[in-house]
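In what comes next, subunit A is part of two complexes: it sits with subunit B in the first one and with subunit C in the second one.
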Partner chain A sequence: MQIATTGLGAVSPGFSDPVHDAQSVFSAVMRAMSRPGRIEQINERLEAPSPANNAVAAVILTLCDHDSPLWLDETVAGAEELKSWVRFHCSAPITGDRATADFALVTNPQSMPDLDTFALGTDEFPDRSTTLIVQVSSILENGGWVLSGPGIESKHKIRSDDLSADFIAQWRSNRELFPRGVDVILCAEDRIACLPRTVKIEEG
Partner chain B sequence: MKQENFYNFAYLDEQTKRMIRRAILKAIAIPGYQVPFASREMPMPYGWGTGGVQVTASIIGKDDVLKMIDQGSDDTTNAVALRGFFELTAGVESTTETSEASIIQTRHRIPEDDLTEDQVIVFQVPIPEPLRFLEPRETETRKMHALEEYGLMHVKLYEDIATHGHIATSYAYPVKVMDRYVMDPSPTPKFDNPKMHKMAALQLYGAGREKRIYAIPPYTDVVSLDFEDYPFSVQEWPDTECGLCGATEVYFDEVVTDDHGGRMFCCSDSDYCEKRRAAGHTGKQPDQAAEV
Partner chain C sequence: METSEMETNRRIMGVLAHADAEMLDQKFAGLGHVPGWRFLRKPETGLVMLQGRVSGTGAAFNFGEVTVTRAAVSLETGEAGHAYALGRDKRKAEQSAIVHAMWQSGKYQQEIETEVIGPLERFAAEDDERKVKETTPTKVDFFTLVRGED
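Right after this comes the complex of A and B.
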């Protein structure tokens, strides 16, 4: 019998210590989600499958599995290396329907689909929404976005220049949907910051 | 044979942890909303903190320091049993000192000392649905949360006043989180409700039997429900001080000390009381310390 091994030779390793590395990355994501706009360090080093960066790969390994459909944006929808890697390590179903995806990987934030085209949850189950994993080149501390809301004592300031110009306006609409809405994990190479649906972003 | 080899780190398998971790992130993003999760059977009965244990097992790392309290005390059965569980399955360091801990799991008090940004407090929750005793149907309570229809809860508090002359609910006192969701703060004495408001630490709530996880992020508004003419107030013990350390502004346990009607009040938070005694504070019945 022939066993299909297409592409598997190209699959790079996952965490060197799956249990503790995943815990450490989750801990960073949880801190970032509970303190929106505070930048957390991802210390785990991975051979991330192209074109994903290190933080994106770490977050996917930590959160995705066969129970959580993953949507890929146009840029990576054809990236066989990444898709084989996701299938091999996470068994996450890769879906073309972002309105039902638990997670969405956006590697080209400039052409990110409108936020309201992802799963937004329902009034009764607002948790049935998409978490966007957005790959950015950098997250700037003390940047031009002024964040406020739960998890923030007074103000947090960050910025990512990779996102499209109308992101702030889209985010305002997303926030108005509360308790529905999407949550965002911004992933630079070894840094992450989270934007849960509660956070208010103003250009400052 | 080494016992710890029998289990994955912190008992739960990795897929279960991922499922719980996803629920925790959603809970943080929607403060006060109860996220359903696929609660597992744990090697302890429901009611012993299976929800809290699953949350702690999913967030704990090998460098974490765990404090486990049952009411305020580190020394009571539930706390000792669950601390032992994590020492065995995760091999993590445990402590009784509030300030030393990175994760505090509690049933159900919040320590007297202020918690910090670097800490997480995990609550064991028996009945997560604040409206459950008013409306038994999950389909209905879910709709009530969706529509923000909380009039029934105010009726309950009003009936308290009509019957007792004051709001007699003294624990599991309903709160409103971020002006949206009404939440049951687990059967925490209402004395601790004000501590939830804008707490620096992340609060996670796990209900194992009822399969719900919810959260309050740091610095989030948490308001105890009340009426303008019957404002929320916490328990008070006039003219009472801790028999061991002399503290007054704390939550008290009443302890029977002998068979002849002898009794004393002492701090419910055992670590707080020990620290005060170590710092030289003393109450009127210090010789009872060994008994308590």
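Right after this comes the complex of A and C.
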């Protein structure tokens, strides 16, 4: 008998307890977003599809669904394992057009496209902007960025060295677009920190 | 995926979806050796909108929502199996997914075909035939008589 295959390669599993794990990650993202720069732990362990790290995988599983197009940066645009994993677990459409994407995965922050090339929303619908999920190797507490703005009592310091040198300048322009603009979720292996569009970042 | 492969695959998944849960359970227990496997997606139950067409030719309309349970597994040898079936029987979804994965493996395909898929398919066909026999005599043709004063 001829051997038949379905052509459906095996993908790695998602959350072990989809409902509760996604709730817990969602709550971490929400806390991180409302307290910009505060580092939240992601305790859920996943077999993240290469080259995504654990936090990136957890955030994607939690936030993306069938009507939120996801854009992938050049490094992962050809990563079939990651793409099948996203399609299988979130049914999220993968788009090549970042100006219409709800989420964008940036795994190589050094060559991240300019922030104003993503969806920025409109004055009537500022929520229709892209949320950037940025994979970094580390987020340092008490680093060299001084954050201030809503959700921060006085000043808060963090830093990620993976972002390009002109990120601070780009962020300033992004902030000037308010209420439009992108939001950023920085994802290190098991920790996340958020930079919502309201936050002011200065080099300290 | 080739068209013929898709059709074969559709047949396997279809037989499993229509399978009698008890019979599948028996056949599954009778398998010689089940390789190591794990869930890609644990059995979960949800709703699917069922569409219908009047007499099979009219415009599609939403008939109503039905409960569907699905599961996905992968074998230690790499094959992935998927199962969808009406109802909320999680055990059936799990066993169907494993059988579907094993069927894709050259090592187990023959055994799955003769021990599981074949018998289930025959049983479903017989069951269908029996139901048709039972219901055909009760069929009523409705027609309207002309009514009027003259």
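Operating definition for what follows: the second predicted complex is superposed on the first by the 194 of 204 C-alpha atoms of A that agree within 3 Å, B and C clash if a C-alpha of one lies under 4 Å from a C-alpha of the other, contacts with A are read in each partner's own complex, and residues count from 1 in each chain.
The rule is simple: a contact is a pair of C-beta atoms (placed from the backbone, for glycine too) under 8 Å apart; a residue touches a chain by one contact, two chains touch by 3 or more.
The structure presented is a predicted model; accordingly, all values stated were derived computationally and were not measured.
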item: Contacts of A:18 with subunit B and subunit C, given as first, second, both or neither; value: both
item: Subunit B versus subunit C as contact partner of A:99, first or second or both or neither; value: neither
item: Contacts of A:29 with subunit B and subunit C, given as first, second, both or neither; value: first
item: Subunit A residues touched - subunit C or subunit B, whichever exceeds; value: B
item: Subunit B versus subunit C as contact partner of A:88, first or second or both or neither; value: second
item: Subunit B versus subunit C as contact partner of A:169, first or second or both or neither; value: neither
item: Where subunit A meets both subunit C and subunit B, residue numbers; value: 18
item: Footprint of subunit B on subunit A - complex, ascending; value: 18-20, 22-24, 26-27, 29-30, 33-35, 62-65, 67-68, 102, 122-127, 129, 131, 150-153, 178-179, 183, 196-198
item: Residues of subunit A touching subunit C in the complex; value: 1, 3-14, 18, 88-89
item: Parts of subunit B lying in touch with subunit A, wherever the complex brings them together; value: 8-9, 14-15, 17-19, 21-31, 33, 35-36, 58-62, 117, 142-143, 145-147, 178, 180-181, 198, 200, 202, 215-221
item: Complex interface listing, subunit C residues touching subunit A; value: 1, 5, 8-9, 38-42, 44, 72, 74-75, 78-80, 82, 100, 103-104, 106, 109-110, 113
